[in-house]
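Shared between the two complexes below is chain A, which pairs with chain B and chain C, respectively.
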Partner chain A sequence: MKGYISVFRLRVLSGLQYRTAAGAGILTNFFWGAISIMVLEAFYASSGLAQPISLEETAAYIWLRQSLLMLVVLWLRDGEIAQSIVTGQVSYELTRPYTLYSYWFAKSLAYRLAAGALRFWPILLAARLLPAPYRLQLPPDTMTAVLFFWSMTLSMLITVALAMIMYATIFTTMTPAGSVALFAGISDFLAGGIVPLPLMPAWVQALAYRLPFYTTQDVPFRIYSGHLPYPLALESIMAQVMWLGATLVLGQFLLTRALGRISVQGG
Partner chain B sequence: MIIVEDVSKTYRIAHRPSGWRAALTSLIHRSYAHIQALDHVSFSVNRGEILGYVGPNGAGKSTTIKIMTGILVPDGGCCRVMGYIPWKHRVDYVQHIGVVFGQRSQLWWDVPVIDSYELLSDIYRMSSTASRRTLEQLTQMLDLSSLLHIPVRQLSLGQRMRCELAASLLHNPSVLFLDEPTIGLDAVSKLRVRQFIKTINEETGVTVILTTHDMNDIEALAHRIMLLGRGQLLYDGSIADLKRSYKTIQTITVQFENGPASFETIPHTTIAQSSSGRAQLSVDTTRISVSDVINQLSGSLKLTDVYVESPSIESIMVQLYEEHDI
Partner chain C sequence: MRLYSKYLAITLKAHLQYPGSFFLLTISQTLFPLSMLVGVHGLFLRFGRLGDWTFPEVALCFGVIHLVFGLSECFSRGFDSFSLLVRNGEFDRLLVRPQSTVVQVLGSRFEFNRIGRLLQGLLVLGWALLNADVAWSVAKGVTVALMIISGYCLFTGFFILQATMSFWTIQGLEVGNILVDGGRELAQYPLSIYKDWVVRFFTWIIPLGSINYLPLLFLLDRSEGVALGHMLSPLVGVLFLIPCLLVWQLGVKHYQSTGS
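== the complex of A and B ==
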């Protein structure tokens, strides 16, 4: 355990060095969020029908996604892990007395937390200061805030567990770009990262709610604004726990299988 | 300590001829070439030995090391190190070994060296007193004190390699695997690395498996060498024995005063090189002794300098590679 905590700490500390990259990322994420809300605002205004999610709730959804991007998107891959598989650096990691899965999990989680810690608060702060309807509302009550916190924590763990599945496939494809493109594009869409899932057509929703991806974004961001009210929120958190278990098991199985048949690259 | 029995490993490599047609065909049907990296290799290593593992590129050295360190699973055969089967008991086993891959780094690139060391001692679950003591010893032996607080990316290759060696020894392993530890190093750094390996082997009795292309490493360190070629073990024995069996051809270089001379009269001797005042002769010592040749030379010439050379380990290796056609 000591080793996993230690690598977590070191990865956070070394991740915090990249402030300029974070600065550039913040601006991009902020403007992307603002534009998304503008587009949705026009869409809400032009439609006469009542929408399944209010514009304020959608704004909160989008600001949370944009500020917590680093924690929940799969296209953010930990370059170090992907590279270590492709270049064969993984051989060193296999000569250490730890389970590769747990070690990478700790490392990947730390990487996301470090990147997230640098970026989330400036965006949230700025979004709090905007005029309505762009403004980020606070959660309706403390209970919702607590539920959001736990749901968000689970989201992050599920994201890392999904990323681990992705890393295991790199052993077969040997191109991180391929595995990521295949996995990340689809997963972000199905997580509700492009358009919030409640605004999707019924058949997309039917598909999305059968897969694990929605538990990484749709669940916590809707819990925050109260769009998933109390009993539903708990139910969704239970679903998160279940999916976390499933993705952990699958990832470990795939990685173990991949390691049994690896050929280390490059001498 | 280490027993390797009948180990084989084959790699499957996607094989594609060049050109558009082949590229398109390979989308549907891929052909694979099978490369036998190790072909029923067996050997054993005793505690405290320094084993030099040599062979041309692609001979299977690294594959053997990766099997012995638990990274790769062989297709057939068995390997036991200290009673463990490396790839089966990987996590328990690797606690007892240290590894340096000369072409890679085990240190974190963008943090100071000491941070990597602290991480490693946590990974190996060492008590802080034990790890501090070992680190102090290693720091002193490898002269690391000025390097510990520098980020790894700013170290020279020689400095980094010293840090890598220390990293592989922090947990007091019983076996040390060094895969090309002197690759790319300058002469001074090489000497330092060699000296250190020798000292640590003598002081702690750690068993060392060393692969290298630098025969000077082997000569300075190895008690025993193994030559691998095309996945097969071609020689296993001491350097002295190897040299003895190849010592039959000696080279004599002579310098002399009087003008052009002819050497054809001396039997079992060939002229490797000759110019006015200087000549190099190869002597087959199974047929004629070196002193006989020198006697005959001094009878006809006024010699100013005589220099007798045994074949270098390097040239023996070249000869061995040629003999086995590898």
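== the complex of A and C ==
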């Protein structure tokens, strides 16, 4: 365990070096968030009917997504893991005295935390200063904030566990870009990353709420604004714990199986 | 032009050496815009309409943008990844050859798997053209062609500007992505749904509106004032290339090799 913690610490510290890159990323993410809210504002204005989620709650949903992107999207290339599978670098890692799964998990988590830590607060701060309805509201009470914190932590862990499953598939496809894009394209949509899930038609929701992806974005973002009130929030957090367990087990199984069949191509 | 098509043929052959990988990448390229489209459709089911616009009309905007973005990613990707050439000093080699730098940089990279996005854009555009309420005429057909040409030029212009920046910064700058990715995101919808200042900025400073919004008004017979102006507005996107190429020439003059 100590070994993994030091890998984790090392990676966080080195990740924090990339401040300039983060600066430009922040601008892009902020701009993207502002556009999305403008579009949704226009949609809300077009219909007089009451919607399942208010514009303010939607704005919070989008700002949280844009600021915490690094923690919860699968298309992030975290470190050199994908590359090490294709180049065969992974064979070196196998000779070292640790479990590959835990090592990669620590590495990936650290990379995301470092990138996320640099980016999330400027966006949230800026979003707090905007005029309504763009302004990011605070959670309605302390209890909600605490629940959001734990839910977000779980989201991040589930994301890394899902990423591990994705990496295990690269052993078969050998095309990191293809595997990542395929996985990420579907997952982000089903997580509510493109359009908030409560605004989607029933069939999309029915599908999304049966798969693990919604627990990475939809759950914490709705808990934050109070759209998932207290008893429902706890239920959703239980679902997160369950999905975390399931994805961890599946990822370890797939990785072990992939490593059992690995053939190293010289070089 | 002959040189360019030669570059094109070589890269295509190289890509097709790995058909499995090529196919997977092509498919995966369509997923992101496809999920966007499903999202937009879902929003229309929920809200009924977007301001004055119906779903086929928005799909028309959407299709054009993704089509032209796919085109420029396929054929002008060399400029997008240009900062690499500067950083490892390879641009020196291009400079000593007796050919224009623009053609050589264009030829340095093609991304054929973007054909996925391109085809999808084309399909969406086709569907939208059939389903939107358009009274067709020759002039309108010309306008659609102009929209596509103009969009390709505009995004290529963005890529060139982004590339030119790296003469000064050496590193690629993500700031350029605001223009490219942000612009693409923004122009998926008719400009008029945004705030006035956004509309003005993207009509007069960065002529994004000229690719789809302004000519769309003409297609739908909603243009106010001079119809011809709306019809020919895509030409602005083509003209946009001129200042971009001038800035590029300036950048080439300013170029100092990194030496390695």
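Note that in this section the second predicted complex is superposed on the first by the 264 of 267 C-alpha atoms of A that agree within 3 Å, B and C clash if a C-alpha of one lies under 4 Å from a C-alpha of the other, contacts with A are read in each partner's own complex, and residues count from 1 in each chain.
Everything that follows uses one rule, which is that a residue touches a chain if its C-beta (ideal position, glycine included) is under 8 Å from a C-beta of that chain, and two chains touch if they have at least 3 such contacts.
Quick caveat, the model's predicted, so the values are computed rather than measured.
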| item | value |
| --- | --- |
| Touching partner for A:32 - first (chain B), second (chain C), both, neither | second |
| First, second, both or neither for A:91, with chain B first and chain C second | first |
| Contacts of A:24 with chain B and chain C, given as first, second, both or neither | second |
| Contacts of A:231 with chain B and chain C, given as first, second, both or neither | neither |
| First, second, both or neither for A:46, with chain B first and chain C second | second |
| Contacts of A:181 with chain B and chain C, given as first, second, both or neither | second |
| Touching partner for A:6 - first (chain B), second (chain C), both, neither | first |
| Residues of chain A touched, compared between chain B and chain C (which is higher) | C |
| In the complex, chain B residues that touch chain A | 11-12, 62, 66, 69-73, 90-92, 94-95, 97, 99, 101, 103-104, 106, 108, 110-111, 115, 118-119, 122-125 |
| Chain B-touching residues of chain A, taken from the complex the two chains share | 2-3, 5-7, 10, 13-14, 17, 87-89, 91-92, 94-99, 260-264, 266-267 |
| Chain C to chain A touching residues, read off their complex | 20-21, 24-25, 27-29, 31-32, 34-36, 38-40, 42-43, 45-51, 171, 173-175, 177-178, 181-182, 185-186, 189, 193-195, 198 |
| Residue ranges of chain A in contact with chain C within the complex | 20-21, 24-25, 27-28, 31-32, 35-36, 38-40, 42-47, 51, 173-175, 177-179, 181-182, 185-186, 188-189, 194-195, 199-201, 204 |
